[in-house]
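Shared between the two complexes below is chain A, which pairs with chain B and chain C, respectively.
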Partner chain A sequence: MGRLIVVACGAGINTSTIAEDSIRERMAKEGFADVEVKRILMADIEGYLTRDDLVMIVSMMKIFRTFDVPVFQGMPFLIGSQDEKNVLLDKIVEAIKKV
Partner chain B sequence: MLEFNESLVAFDLEAQDAREVIEILAGKMHAQELVSVEYGAQTWERETIHPTGLPTKPFCIAFPHADADGVSCSALGVAVLRKPVIFQNMADPDEGLDVVLVFMLANRDPEEQIHTLRNLAVLFGQPEKLVELRDQTTLQGVVSWLRRELRLS
Partner chain C sequence: MGFLSTAVGWLLGLGSSVIVMIVLIILGLVFRVGWQKAVRGGITTGVGLAGLFLVVNVIISALQPAVAEMATRFGLTKTIVDVNWADAGIAWGWPGVAGLIVSLLVVNILMVVLKMTKTLWTDVWSYWHGSALAGFVWAATGGNVFLGILAGVLYLVAGSLMSDMTAKKYQEFNDMPGIGVPCGTTVQASLFAMPVVWLLDRVPGIKDWDASPEGIKKRFGLVGEPGVLGFLLGVIIGIFAYGTTAGDLGLTKILGLGMNVAVMMMILPRMVSIIAEGIVPITMSIVQYMRERFKDREIYVAVDCAVLLGHPAVMASTIILFPLLVLLAAALPGVNMLPIASLAVVPFWAGAVVPYTKGNVIKTVIVLLLYAIPFMYFSTWMVDSQTEAYSMMGQFSEQIGQGLKLGSWDMGGDILGFFIRQIFGLFS
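And then the complex of A and B:
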């Protein structure tokens, strides 16, 4: 079974595309061929929570609830310095290695 | 294909509020038949539900957009504001941000614009670059600066 990371934002357009692209590129570099990165609308998240392959949520918005999988705030992908973007990607890689 | 030209830039713009900035940029796009006449209203409506203010440093920016309905050709509109207007924070809609630069990316398909999106994210993360853009003294300066930094043709 593959591993699914969902990238959620309010509108599911430009913002989540930027985060999705950054994470996909790093997953390819790490050789994680089974990791799928998919951008979604935050409003649609319920449908993904029951999926067995869901391993991580990256949200461009503030999160007001808890989930059973690790959650990362993705705003640095949009407005962080290159260092901040890399630090976040390192954290995501570490978390992915554990699942 | 991404349309960008000096008629899509509002330089030294004095606007009352976020809605006016969005309407002005959408109006410029509509004047070139890049988006439908409703695009400004659609974008404002989306902004009220999913705000796009971003807490960049040393001042805030906004990144308004609506979905592909009504976009006939992808386009970038930019406003450099004389005085800040308030946009709500994308990450925390309860927080208002004083926004100085507005980047409106009307998209047919975000993946088609991935290079521009990447270059925008690099720009948004560099305070000294945002200051350079804000401090341009002419419309032509803004246009050529953006073409260079975002690698627009």
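And then the complex of A and C:
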């Protein structure tokens, strides 16, 4: 079974695209062929929470609830330096290795 | 000159999807993203643009006969077809888009260097607001690309200054240090909210009146879903247009219109999203460069208005606003467009207002009902140059020749854009 990371933002148009691009590139570099990165609307998240392959949520906005899977704030993808981005990507890779 | 005009004519004849593909591939190579990313981005955006116009075509053929029918039956003059974010198609497809992107990058970097603004406009996607306005001015001035770019840059410079004024508040409320949101109609909603909220806070009764966001979402949340909302609106318009059509035919038409409007509400944003999917990776390298260049200064890094949507009061206010805005537009004399696709911009406005109302649903609703009124009138008054822009890009020319008018709130009804268009209209 594959592993699914959802990147959620308010509109599913712009900000999540930026994060999705960075995460996908890193997953390819790590050789995680079974990891799927998918950007979604935060409003659509319910449908993904019940999926068995969901392993992580990267949120592009402040969220006011909790989830069963690890959640990362994706803001460094938008405004961080290259170093800050790499730190976040390292954390994501670590968390992915555990599942 | 003869050769040049032939070349330009040939380029325009390629159609906006092919033009934007070529433009983005060239930009990608200039920004050194590598040819694979450049080609993929260019083609993806071309596909998104073509898809966007496909969806608009569906909605025109469904909605136009219905609003025309309403006009003949009830004398209702709400005949402008609302296509809202189809304006992103003008923005990324008009002939001056590459010039606009490069001009704004240069102007913004200069302004930051000279400390005229703190907002570093790294969110290239959001240039679309200025670029759409530029397209309207291009159309209004009979095809003057230079005036179009000038108008677009003016608009976006004003956006950076408005972002300076609102950034701190956004940062505190959303817990996102370092960001700024210069997006068009969103940031203007914040400026509008400041005095209105000040007033509301002094009115007894309203001052402490609030509603629970969770309760609203639980009870009426379904209406907040674009597909459901679209179907409902389509059916309501259908009943007015075809309600007295005999027998099965009327019902068939009503349900069909509901489905078509639902299609537009769900697919139009997806197409815009495909356009972004192509553009964003190509502009990433320039963004990175700008960030590194100014990392020692206090800078507000521009991000998309979507980051403001987190608070529960945003969706709750939006759900209450949907029916109120449609009724208001229907009731106001001289407003000739019923908002349908344009409703999609309302959550972004709410996201910009909520930091100022401290998450109060009632106050947010009042502010935005007032804020929407100029949008209703400006989108009606400015519809001709907007429709002309579509026509000059070779889109929907046949229907436009027969009297179709295409309008929107975001960017057609934009307040700042209205004044800029008035000034540049003097050159036409």
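We take it that the second predicted complex is superposed on the first by the 99 of 99 C-alpha atoms of A that agree within 3 Å, B and C clash if a C-alpha of one lies under 4 Å from a C-alpha of the other, contacts with A are read in each partner's own complex, and residues count from 1 in each chain.
The rule is simple: contacts are C-beta pairs under 8 Å (C-beta built on N, C-alpha and C of every residue); 3 or more make two chains touch, one makes a residue touch a chain.
Since we're looking at a predicted model, the values are computed, not measured.
K.L.:
Following superposition onto chain A, is the placement of chain B relative to chain C best described as a clash or a fit?
P.N.:
Partners clash after overlay.
K.L.:
In the overlay, answer first, second, both or neither for which of chain B and chain C A:N14 touches.
P.N.:
Both partners, chain B and chain C.
K.L.:
Let me test your reading of the model: by the given contact rule, A:Q82 touches which partner, first (chain B), second (chain C), both or neither?
P.N.:
Both: A:Q82 reaches chain B and chain C.
K.L.:
Contact-wise, after the overlay, does A:F64 reach chain B, chain C, both or neither (first, second, both, neither)?
P.N.:
After superposition on chain A, A:F64 lies in contact with chain C alone.
K.L.:
Counting only touches as set out at the top, which of chain B and chain C does A:V99 meet: first, second, both, neither?
P.N.:
A:V99 sits against neither chain B nor chain C.
K.L.:
If you stack the two complexes on chain A, which partner ends up touching A:L49: first (chain B), second (chain C), both, or neither?
P.N.:
Neither partner.
K.L.:
Applying the stated clash rule to the superposed structures, which of 131-139, 221-229 or 365-373 from chain C runs into chain B?
P.N.:
131-139
K.L.:
Following superposition on chain A, which residues of chain A contact chain B and also contact chain C?
P.N.:
Shared contact residues on chain A (touching chain B in one complex, chain C in the other): 9-11, 13-15, 17-18, 21, 60-62, 75, 78-79, 81-82.
K.L.:
For the complex, give me every residue of chain A touching chain B.
P.N.:
Going through chain A, the ones touching chain B are 9-11, 13-15, 17-18, 21-22, 60-62, 73, 75-82, 84-85.
K.L.:
Could you please specify the touching residues of chain A with respect to chain C in the complex?
P.N.:
Residues in contact with chain C: 9-18, 21, 42-43, 60-64, 75, 78-79, 81-82.
K.L.:
Can you list the chain B residues touching chain A in their complex?
P.N.:
46, 49-52, 54-56, 63, 65, 67, 90-92, 105, 107, 110-111, 113-114, 117-118, 120-122, 124-126
K.L.:
Where on chain C is chain A touching in the complex?
P.N.:
Residues 122-123, 125-126, 174-176, 178-179, 224-225, 269, 272-273, 276-277, 280-281, 284, 288, 291-292, 295, 301, 303-312, 315, 347-348, 351 of chain C touch chain A in their complex.
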